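Shared chain: chain A. Partners: chain B in the first complex, chain C in the second.
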Partner chain A sequence: MTTKKPAVAVYKFSSCDGCQLSILNMEDELLNLAEAIDIAFFLEATRAQKPGPYDIALVEGSITTPHEIERIREVRANAKVVIALGTCATAGGIQALRNFASAEEYAKVVYAHPEYLHYLQTATPIAEHIQVDMELWGCPVNKAQVIEVIVALLNNRRPNLPPHSVCLECKRRGTPCVIVDKGIPCIGPATQAGCGAICPAMGRGCYGCFGPARDVNTDAMANMLLKMERYPGETARLFRGISGYAPTFRTIVDEILPANEEAK
Partner chain B sequence: MPSDRLPDIGSTITIEKPAFNLLLSRLKEEGYLPIGPRIKNDSLIYEEIESLEDLPRGYSTEQKPGSFRLVREKHARYFDIIPGSHSWKQFLFPSRVELFTLRKNGKGWENTTQPAEIPSYAFIGVRACELAAIQIQDNIFMRSDFTDPIYRARRQRVFIVSVNCTHPAETCFCTSMGTGPRVKELFDLSLTELDDVFVLTVGSQLARRLMTGIPFDDASGYILTNVEHRLNHAEQQMRRRLDTSDLPELILEHLDHPYWNEIGKRCLSCASCTQVCPTCFCWDTQDEMSLDGKTAKRTRVWDSCFNPGYSHQAGGNTRPTIYSRYRQWMSHKFGTWKQQYGTLGCVGCGRCITWCPAEIDITEEIAALRNEVKR
Partner chain C sequence: MKNIEVPALARVEGEGGLYIGLENGKAVEIRLDIYEPPRFFEGFLKDRFLQEVPDITARICGICPVAYQMSAAYALEHALGVKISPQARALRRLMYCGEYIESHALHIYMLQAPDLLGKESALELAAESPEVVKNALRLKKIGNELLRIIGGRSVHPVNVCVGGFYSWPDEKALKALLPDLEWGLNAALDTVKLATSLHYPYLEIDYEFVALHHPDEYGVIEGGVLSSTGRKLSIVEYETGYIEEHVRHSNALHSHTVDNNTYLVGPLARLNLNHEQLLPKAKQALKDYKIQLPLKNPYKSLIARAIELVHFYEEAIQLVKEYKPTGPAHVELKLKAGEGSGATEAPRGLLYHRYKIDANGMIQFAKITPPTAQNLPRIEADLFALTPRIINMPEAEATRTAEHLVRSYDPCISCATHFLKLKVEEK
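Here is the complex of A and B:
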């Protein structure tokens, strides 16, 4: 255990603040967290700021503006360890849907004066811009995983994060597979565990917010889901969601889309 | 029908169905927690039951590769379902169990583990294949040279009411594995459901004693013939076959066959087959520590040979491909299991077939491997 408390900074980029709220929502652990680390910069929690450099930077959000490219470089220069927090930071998030369309078109639809906007054509994960030391997925992140990573850093060991898919978590909590039991499309078999399989436990399919699992059999996933589609294009939509810009999910959709076109 | 008379061990009797609730009350008075099949959120699970009314009366199940459906029927029977993804394994070998908690005490660590309260379970409705699975796990967890205390403490207290299967599912193949559908041993009470009565065979002293005050009749020749007829019919209904005559050699002598790769192309490596399998016993231990560094906890959780983190060691995973993980699973069940424990690791319950989202059917894969090898 280090003698001096590590200084931690929490930053927000393009995001909904949900991951920062997951930290503030720790309730039982929050006081212990404040004991274990020095929260030096966390605007969502307090405007009191301590100057850097920081030991740990927790970064929420994706990079969507030219200014954010500059800011994320400053974050990197100012921190020993950078952790991307949540699926915006690890895969671009839901705003990365623009990567598959025209950002101009979207801007025109939403804003009366899109000419005042300064934005990039794409929403991209933090690791596309700077070196990231660790990625924590989820929309939002699982607070237990945030604590595990901080405890691991405090003790100078690797964090214990599950390498398997959501299916194992469903079975451990006794949730019958929604694909088999209810015919509900679910991308849990291709999705990294860590959430505790909360969606299938509520009787709905996993929509992949924890991002792709390791060693995904993309062909087999696509085949299974295409067979059970409740409307044309459902499989592609499932993969092109919050983690849609993650390379594995992009690959699956690229495989499916030509088939969908042919079917039309 | 004098109520002070008790049935002999080994005898077969009949009770009116509502009288089964008396038996459940008796079990609860003796400190047992009855667990049985019930429907919750439109799914068939194993959970605590209060009375006969909690059982899935009037339901049947339709099972095929990758699909499980509950079907409401016109009958009024309680045990016509064939179990779903749950198995009794989850009570004897829990999916998550705390092993110990340590608390920092000056320079050292103090073991502050609270002794777990272990319920005495009464399993209501254990199928013949499931009894065979329990027997297999007994051999694993209660060996003469090594005994798992968590499993043993739960196992030794279990009261078993077994059920003879009269309506096997399409994915069942217990006749091929020699485990069912007829229950032969290891039960306290063995039940066969007829339309109007439960037929019970008394298997233990405790079961005999629990019958005190419960009205029963000796099973007539007509009833016994009826039971026999239904079980023969169930055997004939079972269409699915697994030829075990050349196992384990078929698998162990062809570990490098290209057919494994064909299965690997279809497998999601999701681990569902291993988790629903009533004999799979792999676990992992997970450590966690509190933020203040003063408390450490070790937990045991179900693991699977399909987990990319399984058998991960210096240099990486010894089975880096999906096909090699599938081969590990199947060659253990139908190959090295025999060398390890003297039996095959499969009881023919069909769960891995029904609950595979990719619809991989182990009986078809073994047959296909056999054909490929012969070519």
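Here is the complex of A and C:
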């Protein structure tokens, strides 16, 4: 162990601030955490800024402007370990819905003078621009998982993150399957655990905000969900949401959209 | 005065910059630059199913997702002609109490107080006054806990739907929070004491205050849009009084009144317009600490937040005690084409949504006017008014006083489109 505390920087790109807030929301752990690490750069929390290089960079948000491409490269050059925090940073987030449409059209809907704006056609995950050492999914991230990742790094071990889908979390909570029990479409079987299966516990379907789980039989899932839609296009919209630009979810929708068109 | 440049303003939600252009010691141009990237929410809401909207709009802001869910839900309920049950309405108020507690405790102690105490952050403050910061964190935690019980999690909760809630939260879990809420009410009163003992920079502005007003309760959901000029509009009429436009230096939209005035939304506006509707302990605190209304100093919005913190703890206790879930948690929706408006008071101010939907419940049009977009022109005008007072200060103090002014607004730049950069330049 070195005696020097590791320097941590927290950055924001295109996002809602919710993942950074998850750090400020560590009400029981924040003061202890601040003893174990040196919060060297964290604009939402402090005016004080220590220059890099940093040991760990936590990055929230996706890349949506030319300037952000430059900034993320500087982040990489200035940090030993880069961790992408949250579904914006790992899959583009909700704003990556523009990747399936025309950003110009969107800009015209929102702004009277789109010519004043500087933006990229796409909103993309951090790993599309720089090498990322670790990804933590969630919209927002689960703060217990953020702590686990930091503690693991401090102790030079691999973080213990669940590899399974939301289904197992439902089983653990004793929540009856909303698909089987209530006929409610749910993409929990295809979604990474981490949230605690809160949506099914509230009597609604999972909408995939922790991104795709590994080794999912997506075809079987999509076929089942298509038969139980409550409104036309529900399955496609469930997958093409918060984590819609994640490759697994993207592929599912690309496959079912043509089928939807034929059904019309 | 030399040029001042702060590469990034801290302790705000989002990214922006501040430019003060001086000529012969006078401010000639002031701009709050928002370089928070545009995310085009109104664009991708189109063709989404109405029940997806509260989950999508929550993602506009991690600090006040509940506000975005509530305004969306009310607007879409209005479009469908749906009225939620009285129990669901009470639960919406209780959920909003959680968001106000969490957001105000964060802003008072972690974002603004460090400026008043000459610190860089709450963490630095913790080294000197650990008890103050520990209590602040507990105050905030209780708000988050309330949100977690009702919504599943505090950031982007998952229980709000068009028509009410997906399910009733656990009565036992809510009631078990009562001792914490009672503690919080006292800690909130101590916050008022602290807030009124601090020394604030002087600035008095004749604002036009605008807030939701409800005759029977402290305006947060429903009611009408009241201005200190006497202008009273229903929520549906909001756009006839308040206009949003796109200005060149900003990725956010700016608002003004129909008479081309800037106006102020947020805690000062609410407290000044609605103090009659405060609950007894909050009202008593106004008297005990001799708080003279209207408060016109933007820096003192911290005092207004402290009074609201008392109010929302008080209301949360009341609502938790009365909580008795009966009947379905949501109304079954009958889809039809239509248009609806909804406005609720986010912790930072009035948040207005309007949607058009087709017969299948798909969004055809969305308009969202966040509180910070309404306040941006006002922040610029306040900086104008502040400049003569700071140009003779030492550079570091001048910069801090200007930054502090922006922070006192609790601007949510993520909402208005998010980093502030202060640049004062002699032309």
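Quick notes
Going forward, the second predicted complex is superposed on the first by the 262 of 264 C-alpha atoms of A that agree within 3 Å, B and C clash if a C-alpha of one lies under 4 Å from a C-alpha of the other, contacts with A are read in each partner's own complex, and residues count from 1 in each chain.
Here, contacts are C-beta pairs under 8 Å (C-beta built on N, C-alpha and C of every residue); 3 or more make two chains touch, one makes a residue touch a chain.
These numbers come from a predicted model, not from an experiment.
Partners chain B and chain C, brought together by superposition on chain A, fit side by side with no clash. In the superposed model, A:Cys139 makes contact with chain C only, not with chain B.
Looking at the shared chain after the overlay, A:Arg237 reaches chain C, while chain B stays out of its contact range.
Of the two partner chains placed by the overlay, chain B and chain C both lie in contact with A:Gly203. Judged by the number of chain A residues each one touches, C leads among chain B and chain C.
Contacts of A:Cys19 after superposition: chain C is touched, whereas chain B is not reached. Contacts of A:Met221 after superposition on the shared chain: chain B is touched, whereas chain C is not. Within the superposed three-chain model, A:His113 lies in touch with chain C and out of touch with chain B [touch as defined at top].
By the touch criterion stated above, A:Gln121 is placed in contact with neither chain B nor chain C.
The overlay of the two complexes leaves chain B and chain C separated by a minimum Cα distance of 7 Å. In the superposition on chain A, the residues of chain A touched by chain B in one structure and by chain C in the other are 203. Those residues of chain A that touch chain B in the shared complex are 1, 29, 32-33, 35-36, 147-148, 150-151, 154-155, 160, 162-165, 167-168, 171-174, 176-177, 179-183, 186, 188-190, 203, 213-215, 217, 219-221, 223-224. Interface residues of chain A facing chain C in the complex, by the touch rule stated above, are 12-22, 24-25, 27-28, 30-31, 34, 39, 43-49, 64-65, 67-68, 93-95, 97-98, 101, 103, 105-107, 109-113, 116-117, 119, 123, 139-140, 195-196, 198-199, 201-204, 207, 209, 231-234, 237, 241-242.
Across the interface of their complex, chain A is touched by residues 41-45, 66-68, 84-86, 90, 95-96, 264-272, 275-276, 286-293, 301-304, 306-309, 312, 320-322, 354-359 of chain B. Those residues of chain C whose C-beta lies close enough to touch chain A in the complex are 8-15, 35-44, 46, 48-49, 52, 55-56, 59-63, 65, 106, 110, 114, 120-124, 126, 130, 133-134, 137-138, 140-141, 144, 152-156, 158-159, 161, 165-167, 245-248, 250-251, 253, 360-361, 403, 412, 414, 418-419.
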